[in-house]
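These notes are about the structure you will find just below.
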């Protein structure tokens, strides 16, 4: 019997970690064939080259789609998305997948949805039904409206997708595949690699044996003009904390460039002299590093999702994760250096929290692959009410 | 005080008629300024040149966006949409509108939504919340998910948009602006123009004084491969009816080209010798012609919407209008010549129906303009539940 | 030994006929493999579907590139070319040809040259070194400047390419492959098909047994605004001549649409009632039809090139073929009905001319294929002086 | 009288310096109006933000065209060019220039030529007729073939453009506008700014008062796979020389990213500890820095052009400037550390050379502006032979 071809499109660095165990489960599945497509910022070394990591993990990259426009124009998000649609349309025509999988809610993920739907290819969506701030909110639910199969990450997400008028039979709470890795890390939490040796990075010579914190702060595209000011508050707070820090560069979102520029400037001025800057790490290493940190500071969804499972204390800054379902481990604060510092000290003092399986119990990859194999192929739907 | 700039993007011929009274109301509004953008098939003479009609109606075209790819490739819908996003992004950057308005549910309307949302411009959507078949179903609800203001055309549509998680305060049932024209036509139904003299067209010399029918059948993009067979059934039925016929060419949708080719072929073979073929008419003339017809045959939404208000008997063929709310005036049938013919005879025998205001009471344009003026500008939203 | 992959890109209907014997020679060549790519107007039924003809001729289409934007915008030629570059870049990356072949001088042929050169693929150019009017003049010589191998169609063309600074070893006068077909037609000139039965077309029922003329007039893009006036003069002249006429529709060039519209208008008015309109014919049929005509009227390069070899009298109108090397068989005239009519009568009275092998002796296809096989692969060059 | 609108498109950092005096002369000219368009890498901070510099110099940026695709795909050059054509077509339609000016020979300059020519806008080309290696050679001469007016930089360039079949009346040897700045620098050579204070940069704290060298080495796109190896040889040589070094980062050309990566790597390893790295400087500062250097090492055309006028000793590496007309001040060598070091020592020992006005006498800007004002507007041409 011909294997069902599942084309997964990854358009950004963090999405890879989010679906890695699902990719493995598809690859291993008796009746599925994996077609992995990388696009946009997932291809840029600057933002962590997903291609090399994926190949090292045993995956073959079917297509590389270079659709990211350079430069911080107000039109960039739209044009990058328009280009992605045009390029993905060609890729899907050549690959002829049975199902296309789009992931989460970054602005360019809608390109995957459109290119598939407009060629009558059934679409599966990962991570629908969640609630956050930013443009992501619009994109995520629009993806839901294009999708024929919804593989959601939490029970409340399932409820919301259902309420939005999708048919119950098309929605499955698989949990988030990223929790599969978190589960493995919880089972074996010791850091078994040297971050600087393995990943280089720039900045201070710090070691993960001692006490350290992790910072991950991205731009909020709808507050783009405040990006520099926002990161400056965090920089002030981290400088004041004066603890060794693993800092991950901002991603490609509108405003990220000016955040990076601010960070580079402070580095050249010899501020942040206890910080080491990284672009990316393999998902297991990354979660292990976070698991052993005293606190995560920033606005990454990792703080909300993986850290709930890992029990890591988090100081979540600003509006980027507004409304996302969260655990006991998170405290929220504004873009204010004093506030950030105070909450960080409190969280460090508190220490680790109990694990909360809000986003899955750690078996999402296999469940998702099975659902893709079992899905009754169709690209037609009507509102349930 | 600076007037609020309202940019309305029209991407297809029928959308113009659907919003014409709203365009007038915006233009007349003390605190609004109209920016009219034409794109895609709205610009092609082949499908009825909206530009000339709009200019004759007193509107200025701010931008003409040529984004339609020639040729019936499987990738055309996606690439045409990708191009539209890229071109509209530039247009919006130049026009700097306060609100962008996207209309209904054709595949390329999502381009308007994306280009506006990704530049943080508030988006209003006309005709959300309805239910139909085809790819339009996905596109319409995705537009809803991008929109900040919903101007819907019926009470049931309002309910659906609300259920989908939009906030009640952002939804207004204005009715469909097209009913404003239908109301004027109902008040003064006599045909006051000579269709052939005014619009040319090709085919038989027929007059609107006698008994006649109207045919409007478009391709169903998700059944594209059956387009030719589907139109052939209708051709057979109309040939058998042997009544003077005003026939409007299929639109630009995937499959439309092969329908037109089939029609041209039959014309050259001297079939359909009682039919006159038109591309387009001014909205008032068009509704007046339909109002005075014995029956409308096809799958146009005009049969479901305007004809409910006008009380014109309709034979609705196939899946294109599946699930759209309808009045007593519609009978549904399959793509089968005998069935179409039989239902048409029955509908002609029945004669006109009572007017049903399902899609508005005929004051939508003004209501919509007022809503655009009153809307609290924002481009941020979260799900209501 | 691996065969050398030769990728020939055809972007317009007439180019197919021009290279057909070369395509066959490549396909038959022991050390070559043909990769045939169709793009732009070559794919549109409206302008004669090259794809079907090529497949009937035994060729496989490797890629179909839909890059033609609909609508007569001032920006269309540029944007269609930009799109072609983007799409051909992907195609070449997938096909990995050893040599790419670009043909002649239509505006979009530069896209082939750029997409190949910018990926370091050696480029061969057919029909360089000729001199004409219009934008083609710029495009043709720019193609020469990108090309690494020049397969020219006449001795004077070879001289010009040499003078432009290309190295003598990279230039070969193969003659035009279209003359290979003309040679076969000269050897067996009788019309062996019924044009209407085989190709349909619309208009008068005329037969190729009697006396007839052929009209082929395209828009001159740099005189686009005069297109309608120009074709009207020809229509007047042909109406006055009152001889059965095989008329080929204008091509896709800017201005062609308004010419076609004028022709359709006259047709509906029952002018041109001795004319039959065709989109396209197979090359052999086409040349046989011309060979047996009393006169060719218009501005097609067929009048200058193939008709020199065939000895058919030609009335060449306007600037489109200005400066192109021509034989005794051509008289030139302006866009003036009286003048066109007078010259046509004179040419018909004169009858056929002696064959002149200006554009080759009829063995170009084989010579070109051999040159492609023997070419020392490189994509680097410097001016010869 | 309406001023003639001259639209100059700058697509890369070095082009700005090359035409700056011409821009001023256009802006000052009684009958000209300047429309300055920035595109591609000229807009990226990473490669030196031309926009800020130009605005500081008193110019207004009419349009910013973001057409540069991120990531080092084999298709990037082609796609970036295709996008540029599409975006420039819109810009020219909005700006309605009387003449468009394209500069030199980078791959994307052909986009300017095509977008202008295909909209029937007369095209002027700066720096035609020169001879070099790389893909630039093809692009430069193709630009010549699109251009209606040729403003060349040397007598031998004028001869070559003439030989290529352009009409003598359309060619003017203005000299290179960059020499206008070089002339001013020669008249007042003292360095009047602190490079590190004014431009930041990263690396060693060096001062321009002492002896120093300058390095500028870009990727050769046709030798892209050797980029890293090539820069490593230069790094070895410069390390061995052990002299304070002002080093300018490689530009955006294919291969440049891997060169930069190699440089960053060596920096992090504390090699090159006497080097300071800069992105860009204002043209006057830049030439003053070079004028006072002991030697310029690399493959920039600055070494061949401006340095001939300034009399600065140059070690020119590899094939990038092959065949470009050069003065006594240049010695050529291969990609070999030992060779580079030896030649550099020899050049430093030799000291400065006499000024050679090969590329103009320093009044090019004014001459070019006058030519643009006097040019008989046309967009039609035929080969001169």
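By letter and in written order, the chains are A, B, C and D; residue numbering begins at 1 in each of them.
Keep in mind that, in the parts below, contacts are C-beta pairs under 8 Å (C-beta built on N, C-alpha and C of every residue); 3 or more make two chains touch, one makes a residue touch a chain.
Computed from a predicted structure; not experimentally measured.
Note on connectivity: the fewest steps through touching chains from chain A to chain C is 1. Of the two chain pairs examined here, B-C and C-D, it is C-D that is joined by more C-beta pairs in contact. With centres set at the average Cα position, the gap from chain B to chain D is 53 Å. Our note on geometry: chain C versus chain D, Cα centroid distance of 40 Å, whole angstroms. Counting partners per residue, chain B has 75, 79, 83, 86, 90 as the residues that reach two or more other chains. Interchain contacts join each chain to each other chain, per the touch definition above. Considering their complex, residues 86-87, 90, 94 of chain A touch chain C.
Interface residues of chain C facing chain B in the complex, by the touch rule stated above, are 41, 43-45, 64, 66-71, 73, 75-76, 79, 83, 200, 202, 257, 261, 268.
By the touch rule above, chain B contacts chain A in their complex via residues 74-75, 77-79, 81-86, 88-90, 92-93, 107, 110-111, 113-115, 117-120, 131-133, 135, 137-138, 141-142, 144-146, 160, 163-165, 222, 322-323, 379-383, 385.
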